[in-house]
Each structure stands twice: as C-alpha cells, then as structure tokens.
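The following pair of complexes shares a single chain, chain A, combined with chain B in the former and chain C in the latter.
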Partner chain A sequence: MNRKILAGILAIGLVALAVGWGTYSQFSDTETSVTTFSAGSLDLTINDQNGVPVTFNWSNLRPGNQPHYSLTLKNIGTITGYLDISSIVVVSEENGLTEPEIEAGDNSNDTGELDDVLNIRLWLDYDHNGWWSQGDKLIWGGLVRDLPSSFTDINEEIPANGGVDFVVELYDWWQHGGVDNQAQTDTLQITFTFLLSQNP
Partner chain B sequence: MISKKILASLIVIGLVGLAVGWGTRSQFSDTEKSVTLFTAGSLNLKVGESDPTSWNIVLNDLLPGCNGSVSVTINNTGTINGNLSIFFSDPVDEENGLTEPEIALGDDETSGELAENLYLKITIDGTIVYEGYASGVLSGGISNYPLNAGVSKTFTVEYSIDESVGNIIQSDTVGFTITFLLTQA
Partner chain C sequence: MGKKKAVKSALMIIALLLLIYLAFAQPRASACTIYLGKKIKFDMELSPKVPLFHPDKDGYFYPGSPKITKYLRVVNVGNLPFRICMINATFYNDVKLADGLQIEILELGKGRGEKPNLLYNGTLSGLGEGIMVSSKRAVPPKDSVTLQLAVWMPITAGNEYQGLTLKADIAITVRFPPAHDGIKC
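The block that comes next holds the complex of A and B.
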C-alpha cells in the first residue's frame, strides 16, 4: 500500500516537472512600453514675487499729482494662461478732519473723499514705458469710487514664461475746486487680486 | 526422398523469384520522391511600427478638464496562433517640486496627486484591460486574449482629468510600464 502511494507521488512529481519544463520551452515574445503622464503648471508672479503681496505707498499726495506704478505679471508655469483681475477692493479712510476739510464741507468722519476726487487708469503697457500710449490695452479709466470690483473679461493671454506689464495711474486731481480740500489727510488703499487661469 | 522434393521446391521458388525480379525490371515504372521538411513556426509580437517596439506614451502639460486617447496596433506577425497577456508594472508617482499654487493648497513633497486624479480606460479592441484611476493600474491586466497569426488588434489608452481637480496636480508625473506577452496558443 505504502509503495503504491509513493509511486503515485513520484509519478505526479514527474508529470509536474514535465509540465513545468514544457511551459519554459514554449514560444513566446514580449514587448514593453513605458507610459508617462505629466501635468502642466500655471504660476503667476508679480514683480518676481510669488505668493507675497506687492505693496506701493504714496504719502503727501496733493492735487496735480499723477503717481503711477507698474506691475510685471509673469507666468512661470508650463502652459498658457489667461489673466483677469478677480477682485478690486477700495478702502477709503478719513483719518480725522482737518479744518480746511470742514470748511470745504466735509462733515463725515467715517469715510474719506480721495476716491471722489481722484481718477484712476488701469492698462496693459505693451510698450513697457510706464505711460499710457497708443497701442496699450486700456482696462478702465474714471473716478476711483466708480471702480468695478473685478474685471473678469480681460482674458489677456500669457504664454508659459511670458509676461505683461500692468500699470496703475492716478490722474486728473485738479478740477474739483474747493471740494479737493475735503480729501486732505485721507487715505486710499486699493488691493488688486490677479487670476491666471487655464481657460479664457 | 522428402529431402529431394524440398530441394526441388526451393529451386523452383528461387527461379520464380528471379523471374519476378527480372520481370519488374522490364515493366513500365515511375518514381516519385517526397522530401519532408520540418520547420518550426514563429511567434512574433509587434507593437506599433518597429520591432522590438519603440512605442511609448509621453504626455506633458495635462490640465484639469483635459481628455484624449492614444492608440497602437498590436500584431501577431508570426505563423502560429498566440495568446496575449498584458500587465502593468513599475509605477511612477512624482511631485516634481511644488509650485506656489500647490503650496497654497498645503501640498507636500511626499508624492504626486496626478495618480489618483488621472482616469484611464485601457482597452484592446473594446475589451477592457483596465478602467479606473492611474493609482490602481497595477491591478489591471488581461491574460489569454487570443491573437492568431496575422491578426491585428487596436490597443487604446484613453485618459481624462476632472475639471474640479484644480492646482493640486500641478507639475506632477504619473507613469507605468506596459508589458505585452504573446505565448503559443
């Protein structure tokens, strides 16, 4: 009985070996392909600052001043993006009332009047000279108080490694007569948030 | 007496044998030769235009909301029928550094996020080899798919990224190796 079982196991072993051997000796062919998917990137910088607010300050402004500043907006990503201004926030502060302000009729101590007398012009400065000129792309011009809270239809195309200059200019502060005095010591803070997105 | 008869019989048989032999020589005759060659069949798998294959998928600058497909012809150019197996190996999942928008989302360097956001549908002539996110591709594959001699099939990789994925996948890379194995049927 034991002998038969042993013989049986031995037979199975031999068959298994034969099958194994047979598999190795069959024809076969192998081909391999390497597959790589990489996502692109979109990353906007302002004056080469990334993720850090860029701030400009002017003090002691007076009628006739025409301050302006340029922001260089760059796409340091790998794909083309489209630029919009997703948010504009204007904060106008009174900072107390001077005697000339009161004489000019300012009797509100809560909000300033600088936004009522100052005009603002926003444009894309294609010739990079910092001034409004023919061929530049005007985004908006008018009194600060009328400034929209966003511009989502600019859709300025900025290719990878490309950039555009955005200029903010304050102008036309001389035609308001005695009302201009209402803006004395007032503060105006304007915050622009730019958005670079993959679709126009 | 008996011995003599046997001897005589043998002689007679011998003469008849000789006569038959002689007769054969003078009959009409024809000879045909058959040469028998044993040649082994061949089993050769061709993926794409060159053999061995140079077909690789390299897709850059993928975006949320993108989709597309890449196809290649798989051909048994041998002379015998085969069974095709396809399997996936050597996964790649890389962050490739962090862009500022990724950092703003709290992303870190440990591994990329494209693998769990790149949706794949991999088919051969409509039969699904794998369907799901790239992160699970190693679980995919197919075996014993008949590929007879001279037959071609189309292997297709469809991909898509949902629009809602956003910045977290920026500059990330995902990859894997596809092995095609043809064995005799």
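The block that comes next holds the complex of A and C.
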C-alpha cells in the first residue's frame, strides 16, 4: 500500500516537473543582416613611385640657367586627401674653392653660395605645361636660402585617383654681379617630403 | 503510523512547492494559455534584406569620418510576441577593422513621445562575443521595431586600419516569452 502511495507521489512530482519545464521553455529566432565596412586609404605616389622623399641635385650651374622639374603627385587611395610639403632640406656645398671664387671674396670652404644667388619657384602646374603661367598655384618664390623648411598650409585637395603636377624651378641668377663668382663649382641639393593627409 | 506521517509531510511539501512555483510562473503560464489551441508560428524577419552598409553606396570610413546611420526593421511575421534579446556579429576578411570601428545601436520608440533605448555602444568587435540586450518593447504579431545602427571611425584611429575591408553578419535574436524575466536568450 505504502509503495503505491510513494509511486503516486513520485508520479505527481514528475508531472509537476514536466509542467514546470514546459512553462520555462522558450522560443527564439535569429536573423542576420549582411554588411560590409571599408576603411578608406590615402596613398601618395610621385611619378608613379611610392611616396619617398624626392631629392634634386644641382651642380655645374651657371648664371642664366633655369632648370625646372615636374613631378606628378597622385592619390591612388580611396578617399580625398590634402597635399602639403612636410619637409624641405637644403644642402649648399662649397665643393672646394677656385681662384675666381677666392678673388670674388669667398673664403669659406664649408658653405656654398649657390643658395644665396639662385632663386627657386615652387608651384602646382594646373595647365600641365611645365612652366609658370597664370592660373597655376604658386607655393613659393624667392632665394633658395630663404626657402622655408616646410609648407603645411598648401592644403591642395586631391580626390581619390586624382593628381597634381608639382614643379620646381631655379631662376633669376643674374642680379648679383661679382658676387656670382663666389658660387662657382658650388653644388646644391634640395630634398622635398610630401604629405597627403585626410584633413586640410 | 510513522509512514503515514511521512507521506503526509511529503505531500504537503510538494503542494507547497507547487503553490510557490505557480505564483512565480503566473505571467508565463497565462501567456501560454492565450495561444493554446492555435497553430504556433514564431518567426521574425529583418528588413531591408539587402546589405545594410556597403562602401559603394556609403563611402569609406576614415578617422573622424561622419557617422553612417542605417535603420533595420525587426518584423514579427509570426503569431507570438517577442522581444529582442541578443545581438552578435560574425566577422570575415580584415577582422582587425572591427576594432577600429564604433557602433551604436538604438531601439527606436514609437511616436514622438517615446525616447530611443540604447542597446549597445562600443566597438564593432565587441559584438563578436554576442551581447545580451535589454530591449524595451515586446513586439506583437504583425508589428515591428526599428533599430538605428550608427557606425563611425573615431578620430583617434590610426593608419593601421587604412584600406581594410570587413564583412560582418550582424545577427539579431528575439525570443518568446517576451517578458523581462532574466531568462537567457
């Protein structure tokens, strides 16, 4: 008899457990939204090479020379960038003293004078003709010795896959008379480092 | 006689436990009762079904870029109410980008009076673990709730994220019963 009662109690307990379990159970459903996120990129090339500093070396110059060089700067990234020149380093070398230099009053054997007599002009060549013309964007013009060490306010907007031509020109080595002789045999090196950044 | 007492005590304890249980289980028991005798269909859909974010139409992220905001409707196409209980994401390709992106997910209210409910605000990668969310509204059948997802790249993000592309499957899980009761999703 007692066994029957115990079995009954056990059955009631099992039923209660089943009911409780069922009540606590739940339904759930999951759905997925597919998305793609991409970070933009800025990638500056100079004459189709990755953006390393560009160094110009000048030697054997004489009054009246007007060498100029054009660089094509491109943004091969995916977002618009703003171009600046983050660094300009000028190295003016004496390269030994000749008799005419000494006679012109040059007595320093460690500092060249080309930067004192040469003018330099930097511009963005919008018409791509390689020469300074109206409508181009002048960055700087003046004696090489006065050239600033950077230009962080150019802020030239270059869209993705866009580009701009940058020109370096030396000019106006005329007006210094006898002092020009001090620059004989001197050499000049200028290194430009460009920066393309996302904000102006 | 002793055995009878033991049986009586056991019965009393079981009865007491049942009473306590029924008292706490009341809301769920009633919810179940409503749908007894009906063919149960528990189903949810997300809208739109097209990819929510895509660089071709939204552009690219960059440090300090504006938030890109999208809306995702969670539609109840079944006949049981539900509540959003979990959001998680699975990442593919350049998964590192998930560390560089922030996401804010709001559950929008109905009408002007109801304020949005913040479900998550943190890195996109944080969704990879799956987060339990406290959704404000139970969504009845044939109704929907709208989620606002805003994604951006903080100004402090660095060059390490340049050019990365990430595919993310953002999964929304809903559950029935919709009551706030601490039951796991």
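Things to note:
Methods note: the second predicted complex is superposed on the first by the 161 of 200 C-alpha atoms of A that agree within 3 Å, B and C clash if a C-alpha of one lies under 4 Å from a C-alpha of the other, contacts with A are read in each partner's own complex, and residues count from 1 in each chain.
Here is the rule we use: a contact is a pair of C-beta atoms (placed from the backbone, for glycine too) under 8 Å apart; a residue touches a chain by one contact, two chains touch by 3 or more.
Please read these numbers as outputs of a predicted model, since none were measured by experiment.
In the superposition on chain A, A:Ser59 contacts neither chain B nor chain C.
In the superposition on chain A, A:Asp29 contacts both chain B and chain C.
Of the two partner chains, both chain B and chain C are touched by A:Phe37. Contacts of A:Gln134 after superposition: neither chain B nor chain C is touched. Within the superposed three-chain model, A:Asn50 lies in touch with chain B and out of touch with chain C [touch as defined at top]. In the superposed model, A:Gly77 makes contact with both chain B and chain C.
When the two complexes are overlaid on their common chain A, residue A:Gln198 makes contact with chain B and with chain C alike. Ranked by how many residues of chain A each touches, chain B and chain C are led by C. Residue overlap on chain A between the chain B contacts of one complex and the chain C contacts of the other covers 26-43, 77-79, 198-199.
Considering their complex, residues 2, 5-6, 9, 12-13, 16, 20, 23-24, 26-43, 77-79, 198-199 of chain A touch chain C. Across the interface of their complex, chain A is touched by residues 3, 7, 10-11, 14, 17-18, 21, 25, 28-29, 32, 40, 42-46, 51-55, 59-65, 72, 74, 78, 80, 82, 85-86, 97, 100-101, 124, 151, 153, 161-177, 183, 185 of chain C. Contact residues of chain A toward chain B in the complex are 26-43, 45, 50-51, 77-79, 198-199.
Against chain A, the residues of chain B that register as touching in their complex are 41-47, 51-53, 55-65, 72, 78, 80, 82, 92, 96, 99-101, 103-104, 114, 118, 134, 157, 159, 161, 167, 169-184.
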